[in-house]
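Below, chain A partners chain B and then partners chain C, in two separate complexes.
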Partner chain A sequence: MAATELRALWGVAVKSWRIFLSYKLWFISDIALGFFFVGQALLIGIGLTGERNSEALQELTGYSDYVTFAVLGFMVLGFGLTFLSGFVWSVVDELYAGTLEYSFAAPMRRITFFLGNVLTRILLSFVYMAFYVPAFVLLFGLSFDPVAFSRAIPVLLLGTVGMIGMGMAAAGIVLYLRDPGPFISILEMLVFALSGAMYPVSILPRGLQYLARTLPYAPTTEAVRKVVAYGYGASTNEITYLLLVSLAYGLLGYLTYKWSEKQARVVGLKAY
Partner chain B sequence: MILAVVEKEFRMFFRYPLRVISSILVGIVFLLQFVYFGQAVLGGRYSALLEASTGMGDYPTYALIGYVLWWVSVSPMEAYVWGVRRELQRGTFETNVLSPSRLTGLLFGLALSWLLMDSALMAVVFALGAALFDIPVTIPLLLKSLPAIIASLVAFLGFGFIFAGLVMLLKNIGPFAQIFEFAMLFLSGVFFPLAVMPDWVISLSKLFPLTHSVNIVRTLFAGGGYSDVGSSLLWLLALIPLYWGIGYLLFRWAERTTRVIGYGGY
Partner chain C sequence: MKAMFLFAGVKWVRGCGMWAVEAEDLRKSYPKKIPLPFRRVEWVEAVRGISFRVRRGELFGLLGPNGAGKTTTIKMLTTLLEPSGGTARILGLDVRRNAREIRRRINLVAEGERTLYWRLSAYENLKYFARIYYVPKDEERERIERLLKLVGLWERRNDLVMNFSRGMKQRLAIAKALINDPEVLFLDEPTLGLDVQSAIFVREFIRRLVDEDGKTVLLTTHYMAEAERLCDRIAIIDHGKIIALDTPKGLKKLVREEETIEIRAKNIEPEKMSSSPFKMAVIERNPETGVLRLRAQVDEEELPKLVEWLVRRGVKVLSVERREPTLEDVFIKLTGRGLRD
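Right, the complex of A and B next:
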């Protein structure tokens, strides 16, 4: 049984990978997106201050190097969106193509279908990071300390639990929307705005700060940044909070997903 | 006939109100990223360096004007790339081509409708941005900017027309268009002053209508007049016939070629 599921998982991942690679220019476009964000960050910083470091940002976040600040945020966001996109776009793409019911009728568990799509995106995310880090060091003078960065991996994995949970919850909702595209765009934009990727959450209006801290993205970004800069000892509060948020979202995602599976058996899926 | 295409596109877009809300939200969030980043780095909103190089020191105003015009400038390009692709995917493009109307009219209608829809969306984003960042906007200031904005829209339509021919020949130029759209942000000084770029980029930037549009509107918002931006105005007016001409010739060539090799099929 487990071997059959693994084969199905592999099959879904390979299919998803092949679809992505069928338009190779998308790969270049995705890579360019990273350069676009980090390049903008560098040029905005230089254009506004004339300096490579910012005292104002140092006071707010502990980071004076705004490029390193933006790169860390961009990477956490890119990795985090992998789960949300993997869960929801896999449903939407198949809905639009009219193949979702066939995929769900295939002899595999539904979660296998989602995880197969997520797996491809995780792989892509790692490929992008492997490309970005040396490129950013060379082009933008990113100060990269492998020891400090590797400290962030367990924190990132902790945040992953919450991000997977949010992806599962979103996938459960998407199944019942007639036109899920705008819902996903709104959700992704909320995550984007409230992730703290490009700016510290503390700069937002107070209401949005609270909202940002109730999603798993900003707490992950903040904890990752703090661990990279100051180590675990100084980041206990951020890690504890992240643990709570991640567990809550993990549980919420699991329950929402189970509920939606049960509902799907009764009311069916939205057809296109 | 052009109006019929515009009406069809408007009906399709506004049929799903959530899609309109989503588009506005996408617009505002993208803007916030860079404005908040700039403010976090600056520790405020005013940059003396920005004022010295562009004449406008208030970063939210600088970014808001650049961003809104950038979004509208890439709209015709998007219409040709995604609008035509959508029809190709649905299998309705060839049917439209066979209808008793000129293809140039159909495509122009498509670009015009997207430009108008994006202009309306960006007007909302501009109003939200102005309210959020406390940017003083007056009716006389908007009226003063209107001739420059209209000239810019005409230039953007011509610039985007270049992509109309390309999309008929090539199967999927979406990623290429996306890269080009992002490049425009760098080449036209949307979020940062062009003074930080190398000289050759500054020279190259003059070829894009957006560079001149943002310069003119920012100068007007900073209290200047049209006499202060004579050079940009001349460039913008000169680029209008240039891009319309290039776009039209490229399109005619693509049309002749596709009669032989067919459209990029799906």
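Right, the complex of A and C next:
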């Protein structure tokens, strides 16, 4: 049973990968857009602080080098967004293409369908990182330490639980909306703004700080940064908080999605 | 322990019964708007308590005009929609409780041509569906090859679906629907929009699936000739209700031959026809000549009155003939209008 579900998961991932590759210009524009977006944010940050190393940033985050701070945040956010976009766009893309009904009529579990799409996007985000990191090293002299970064992988995986939950909750809402496009755009912008990827969450107005900390992205970014810079011993508070947020989102995502799927079958939304 | 065996036995008997599809007082309502807390929503009844049974190895048709509730019925039977009321069982399994088990044993061809992945090849499409329908790894390749050969697309297996004609896409959709060797096949308007040759291929293929492979097929259509030629039994559905169910021959017996009239006429304004007191419908229009074919259910006494009624409305009657009844006549008799009205 598990083997057949795994084969289904792989089937979905391969299908998504092939479809993505069939749009060759998308692939190029995705890399270019990501690069320009991050590059610009880095330049603005450097412009505002006046130099790469900032005492204020050091006080707030423990990082004095803005480029290292931002690239690390961007990598965590890029990874985290794959779950959100993997879940919501897998529904929306197939909905617009008209193929969702056939996939949902199959015995494969729905979660397999979503995770298969996420798997493709994770692979893509690794491919993008393979372009970005050397480019940032070359252009900005980024000091990227793979060993220090790999230390934080367990923390990233812990945050993944919450990010999957967030993706499932969003997919549940998308199933329920007649026109999900604007909702997804707003959600992605909100996640980006509140992720703490490009600036510390503590500089946000108090209300937004609370909001940022109730989403799984900023706590993951902060915990990863702290573990990379100071190790696990000094990061207990961040990891404990991340654990709570992740579990809460995991549960919330599962329940929201189950409810929404049931509702969609009752009211006949989308391809149902 | 004894109860468990008894329960398992009942389940086995149900699963192996003679009925492939059973619907009892099946209902479905849709909300006009998305239901949200504190929002009053009006519900529309799309299917209003239909009951029918399909035998194993039978080709059963749901015939009705657009919006009659055919697709909604198929979606409930294929577990894509939750019924609002009544019960439905597929191969003895309840559609509410055993959705995944049912999905393993059935398959469907949905309406429309955008149901497959156009940016994948025919082979890649079938490979994807083989995976999500749990086709065993060692059978996958052989099954895909056999199906593509069966629908005449093996030579085009590596071509992208976006380059296929409408007929080829439909043949591929049928191959997809056979990927898990389903016991019951649901086909929603399988020949809609196809050219004549493709439609003939699809009809013959469906008939062979039943006659040679013993598959159970439930199809929906609004083409009377298709239903008449293909189906063992037909349920005529209108406004969410089954208004007649029988063999094509049995249904046609509902209309007496001497009552069936075909009129060829010109200068007909459709809005004037809607107020007709007669059971009558336009069944064909020739846009070039402006000639229309009308079918009417009138007896000898009513016929002169019908002709007079038409002439008074400026209609130029070209000919009036008695004809052998068709399923369209059955529908006109039962509803007072045509399938296309």
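Quick notes
To be clear about the criterion, the second predicted complex is superposed on the first by the 257 of 272 C-alpha atoms of A that agree within 3 Å, B and C clash if a C-alpha of one lies under 4 Å from a C-alpha of the other, contacts with A are read in each partner's own complex, and residues count from 1 in each chain.
The definition used in the following text is that contacts are C-beta pairs under 8 Å (C-beta built on N, C-alpha and C of every residue); 3 or more make two chains touch, one makes a residue touch a chain.
Because the structure is predicted, anything quoted here is derived from the model rather than measured.
If you put the two complexes together on chain A, you find that chain B and chain C both fit without a clash. Of the two partner chains, chain B is the only one touched by A:Gly39; chain C is not. In the superposition on chain A, contact of A:Arg265 is made with chain C only, not with chain B.
Using C-alpha centres, the superposed arrangement gives chain A a vertex angle toward chain B and chain C of 90 degrees, stated as a multiple of 10. When the shared chain is aligned, chain C comes close enough to touch A:Glu101, but chain B does not. With both structures placed on the common chain, the touch criterion links A:Tyr210 to neither chain B nor chain C. Using the contact criterion defined above for the overlaid structures, shared-chain residue A:Ser29 touches chain B, although it does not reach chain C. In the superposition on chain A, A:Met198 contacts chain B only, with no contact to chain C.
Of the two partner chains placed by superposition, A:Phe131 touches none, neither chain B nor chain C. Closest approach of chain B to chain C, taken over C-alpha atoms in the A-based superposition, is 9 Å. Note: residues 23 of chain A belong to the chain B contact set and to the chain C contact set alike, using the contact criterion stated above.
Chain contact summary for the complex, chain B toward chain A: residues 16, 18-19, 21-23, 25-26, 29, 32-34, 36-44, 47, 49-50, 53, 59, 172, 174-176, 178-179, 182, 185-186, 191-193, 195-197.
Of all residues in chain A, only 4, 7-8, 10-12, 14-15, 18-19, 22-23, 97-99, 101-109, 112-113, 176-178, 262-263, 265-269, 271-272 touch chain C in the complex they form. Within the complex formed with chain A, the chain C residues making contact are 28, 30-31, 34-35, 72, 75, 78-82, 84, 100-101, 103-104, 107-108, 110, 112, 114-120, 124, 127-134, 137, 176.
Looking at the complex, you find that chain A touches chain B at residues 23, 25-26, 28-29, 32-33, 36, 39-41, 43-50, 54-57, 59-61, 66, 70, 179, 181-183, 185-186, 189-190, 192-193, 197-200, 203-204.
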